[in-house]
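By written order: A, B, C, D and E. Residues from 1 in each chain.
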Amino acid sequence: MNRTELLSTVLSLSTEFSPREKTDRPAVLAPVQGLTDLMLKLRDHSELSFDMLTVATAIDWIKEGKIELVYILISSTFKHSLQVGALLDREKPVAPSLSSVWAIAEWQEREIFDLFGVRYLNHPDLRRLLLEDDWNGHPLRKDYVDDFMLERPWR
Amino acid sequence: MEITGMTAATMSNTEVPVSSLDERIKFFQNEPQSALATQEYFVNMGPQHPSTHGVLRLVLKMDGETVREIIPVLGYVHRGMEKKAEYIGYRQQVHLTDRLDYLCALMNNWVMADAVERAMKIELNDRILTLRTIFAELQRIQSHQLWWGVFGMDLGAFTPFLYGFRDREKITAIFEDTMGARLTMNYIQPGGLMYDIHPEFPRKVKDFLKYFKPILNEYDELFTGNVIVHQRLKGIGILDGKTAISVGASGPVLRASGVSYDLRKSDPYGVYSKTQFEVPVGTTGDCWDRYIVRMQEMRESIRIVEQLIDNIPEGPTMVMKFGAKIRIPEGIYYNQMETARGILGVMLVADGTEKPYRLHFRTPNFNNLWSVISMAKGLRLADLVAILSSVDIVVPDIDR
Amino acid sequence: MHVFFRGLLSLFKGMKITWYYLVHPSTVVTQQYPENRATLKLADRVRAQLAFNYDENGFHKCTSCHICEEACPNASIHVIDRPKPAIAKNELDHFIWRLDSCTFCNLCVLVCPFQVLKMNPTFESSVFDQRLLVYNLTTYAGATGPVLMKQPDAEARNKLIEPRSVYDGPTALEGYHLAGIPPGLYEPTSTTGVPK
Amino acid sequence: MGLINSQNAPMIEAFPGGPAFLTTIDTVINWARSNSLWPLTFGTSCCAIEVMMAAGAANHDLARFGAEVARASPRQADLLVLAGTIVKRMGPTLQTLYAQMAEPKYVIATGACAISGGPFIYQSYSTVRGAHELIPVDVIVPGCPPRPEAFFYGLLTLQKMIREGESIRRPGERRKPVLAALPPGITIDQIRQELILNLEEKSVTKPLNEHAKMENLTWKI
Amino acid sequence: MSSGSNSLIQGVSLSQWVGGNAWTDTPWLAFAAVLGGTALTIGFMSLTAMVLVYAERKIAAHFQCRLGPMRVGWHGILQSIADSLKLFFKEDIVPTNTDHLLHALAPALCVMATLLALITIPLSPSISIANMNIGVLFLSAVSGLGVLGILLGGWSSNNKWSLLGAMRAGAQIISYEISMTLSILVVVLFAGSMKFSTIIESQATGWWIWRVPVVGFVAFFIFLISSTAEINRTPFDLAEGESELTAGFHTEYSGLRFAMFFLAEYINLFIASSLGAILFLGGWMPFHIGHFSTFNHLMDLIPPGIWFAMKVCGLIFLSMWIRWTFPRLRVDQLMRLEWKILLPIGLVNLAIAACLILSEYYFFVWNPL
């Protein structure tokens, strides 16, 4: 399945998907509400069969006031991949947990929560993954400020 | 300390509850039902423990010798690499990847360099690609040699460690001639290679391959054939293909579970499409299969290097100017490759400036580690050590 | 029973290999540093210390362009301009290199447009005090070699440059400092790129 | 442990020939200590491969120095080799490990990360800038990572420190001999004045984004 | 230590040495002799341990293509002295939440048990500290005391890894004690005595390992395995398996007390090897082949002490060879090996040996003279 075919298949799957520009691989945007159902559709579709969640991360678009969740799915049978994005409100980022769809999402979401502060609904064990439990703030946010962190003293 | 985002006070007031490690441990705690019941206890394995390969901490709930629950606690080498990456240019990112999974530094360099090259749409000549492929395969052998040695050590045999390192040192010497460094090479740069290869390089590689082939059989005699090893590994830590896919395991861990998914075959990069090799696949997905898959991979890597080493094409080894600033057009780029431990992915979010807006490393060990949890429950402590070792964890790769 | 003997045989096979290495002392691969210090030959490209390339007159080519400083991923290089340059537009005053944070990524050497920098394979630089690992690599503050050579004589050149106290780190321990090595066996190695 | 210790050392010294006896004892003990440095198996990242594994492996063989007996328990180890990055989360653990080691204990910091933070010295929110901020460090072996020979050189430096600097009269006190031979006419003070102060002035702490301070925040959850 | 043939334990032949009753006639001499003997034993013990540690490190190094200790003395020959001196002057940490008394007692108990076991070992016909008529029984009894030290040490440390190590050690040593005793019993049956010197002298015409064709060898094999397990060496080093339990039962021990565990471990190796040499390889008896009288005379020229040392060294080397080649067993496999394989074989072997003795068959097989 080439890029256009894959995109059209995915877009025909649900009207809630919209194509995403400026990516090097087929990408769609999905709404946050009902993300779990959409992902289940992608996983269980016979021609798509995205059974591996390779990447789950987030991007902090501070100017737009959004946090974009990025999921890159790979099919272990067809070897094609798809990027799914979901835009969250930056000031109150809450998203549904995908840990019921892919087991690994549980820990990837913990990492995103740790570094970006995205809260996941129905997550079995939502706590920080890499930093201490009492860490203040979420370091990968663009406006994260830390006294400990030093700026480069010269160029 | 300045506080951004959610303060500690507001955190507890939000609708989505946040747990902590102590709560998690309490969650698994249960009192013995009667006076005769065994008392389960928690024990910290790590962060300083000889067999966690670095500073991984596992909180184990144990019943005597049996492991009931595993709570991995990460972040003991979380260096904030992804934050750091937002402050430095694309060329400098390569040296960060050295420190991800330091046992396959060259392959990590390649992923990063390739991601930048693809985003900039730079065409490389065959010489660069061939050399990169050779280096990657040599590094795969090197990484597996170290794994073999450490695996032996974790099972209690100290000698394999020494033999593995003895032969690893030979590849290290070859690398040092060309790259000037032993472990963190920073050699594969966006646009080519840092230097041309050492003139003696092909000969030395051929010498090494000639030396190493019989040594592999010796490894087999010393360790693979040993009846104690069979007893320790067979049927231990079974990871079925479905679970492996669902936790996103990759590399030898996934292939040992019977899923033939190797980016070198399914999505060839470098000059892999021009070479003949097989992807070893296991059947049951136990420790023994992971062991055998890795041993086979070393043989396949030798095959690949043998095919390439004799006819390295001519040409320049750098197609970009070193001083030139690298700017990547706006967009999200994701590039992945097969390192010795699995799929290493780099997600670049470029905003048109010299520095990435966001850089994310999808590291193989992160996913592989979680497969350990499903494997080791209900087995004994010694099995946990064997499983951890057979999955070949490198902790800085997980924590980044 | 068959399995039992097969297992036993496998154990003996393993023992055969270790026995082979025990009775063949030629298989010992150990390189005995520091005893082999005199004969230790490292590859030319080994990166362990940053140094300046000096020409035969003792002048460098650094124009103080700060490209290496910019290329350094973690600000291990600090180039300090001369406050009042004598002839050129920019003149180098101090070239400070921090060995304590250097990662030997070689980018500074690669990006330098004038090939001022090089990497030396001198690895013997253990110290007790971290502050001793801050190096000044330049011997003088002033213009580059080619510019200075346009001056008529050495006296005129010397007026344009100002000597700087070279500190390129602690020199390596001499042979007799190392335990178990007879004194005077080795020449002390020079870590500097400065011609003596 | 031992019949001769710091408590009765003054008493022994009072006897005729006491000082010479104590000096002999010092020499013997220091010889023993310097030749039997059992390292703790502690490695956090890349440097562990080079200075713990490759140095201990057949090609370089740490055993020649009598230091191959790597103890996993800090109680039995003499030498803590800091191999790799120390992050904030590891800090308390590292301090505990150091406290758990029995005197005399020595620390070698290897590699840029353990010395100064290395690649993560700036713009990292979690890397400790040098292990010396947490525990006393005796010998520093620069490199990223240092090659095994460089580590051996550091080990020899430590051995020299033990042999020349320790006495039973002053337990725990380290006298670091100036064996780093400086070029003629240059003192350490000069270097400090000329370079270090210059550096320290420049690397002042300043927050990355001034605008995003707490009082300027417009949103809260 | 009274003289007299009717006492159960025949002590050092001190009384014969001074003539009459030593304790009443010349108490100072007796006291000095006891002191001297103790000092000698401890000295011998530490020397043996040091030599063994050095030998182990060197041999292991050469198994692994490296050199081992090289820089202290000629080829690192003083390495063990440096190590022991360092350990002697190292801080002795007693963690706060430990049982202080038991914590201090445990290493002492370990060393005491090995010391008691050591005195029964006859090194040559003339050198033996206590040549008792129940030597074998005594040795089996006191060597079991060592496990008490390990258990106490692990328990009193208040550390979960220590406790795990101690429990493993306890289970392992007590289990393997059984099959070890069974294999020893075979020899005791053949020799008809529990006295070491008698057992050795009974092998003048052929060592027990081949004098009874299969039975002797099987007993020796079982003895080898179970003694390796008894002294916690690879492939049975579960009690201190470094990659699993950090340092096992002695995790919380430092300095001299750790050195005592270390010492006990190596002395146990020596005791086990000399026991193997005494019981199966003829102790100080020279190697004879049937009717080759010239060869036999040549063999007789070598003093018995040397013969004994050679046999012990051979067994120690075998133990080291095994240690540096094999990986470790798992704890359940270890127990399975003992209870399901070694114990039945040992029992059957013992029964066969008893039958052979009843039929007096074995004396006619392979009688070399």
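Things to note:
Just so we're on the same page, a contact is a pair of C-beta atoms (placed from the backbone, for glycine too) under 8 Å apart; a residue touches a chain by one contact, two chains touch by 3 or more.
What you see is a predicted model, and the numbers here were worked out from it, not measured in a lab.
Annotation for chain B: without this chain, the others remain one piece by the touch definition.
Between chain A and chain E, the least number of touching-chain steps is 2.
The chain pair C-D and the chain pair B-C differ in C-beta contact count, and the higher one is C-D.
Centre-to-centre separation of chain B and chain E, using mean CA positions: 46 Å. Centre-to-centre separation between chain D and chain E, using Cα means, comes to 41 Å.
Chain D has its Cα centroid 30 Å from the Cα centroid of chain B. For chain E, the set of residues touching two or more other chains reads 63-67, 70-71, 242, 246, 324-326.
Multi-chain contact residues, meaning those touching two or more other chains, occur in chain C at positions 11, 14, 17-18, 28-30, 32, 46, 73, 75, 78, 103-104, 179. Shared interface positions of chain B, defined as residues touching 2 or more other chains, are 2-7, 14, 49-50, 75, 78, 80, 83, 87, 95-96, 159, 162-163, 166, 169, 184, 222-223, 226, 228. On chain C, the positions that touch chain B within their shared complex are 6-8, 10-11, 13-14, 16-18, 29, 42-43, 45-47, 67, 71, 73, 103-107, 110-111, 113, 119.
Taken together, the chain C residues at the contact with chain D in this complex read 28-34, 40, 46, 48, 73-75, 78, 80, 94, 96, 98-104, 123-134, 136, 165-167, 170-174, 177-179, 188. On the side of chain D, the complex with chain B involves touching residues 40-46, 48-50, 53-54, 57-59, 72, 74, 84-85, 87, 89-90, 93, 97, 119-120, 122-127, 144-145, 147, 207, 212-214, 217, 220-221.
Within the complex formed with chain E, the residues of chain C that make contact are 11, 14-15, 17-19, 21-22, 25, 27-30, 32, 179-180.
Every residue of chain A that touches chain B in the complex is listed here, in rising order: 22-25, 27, 51-55, 57, 59-60, 70, 72, 76, 79, 83, 94, 102-104, 107, 113, 115, 117, 119-121, 123, 125-134, 136-141, 143-148, 152.
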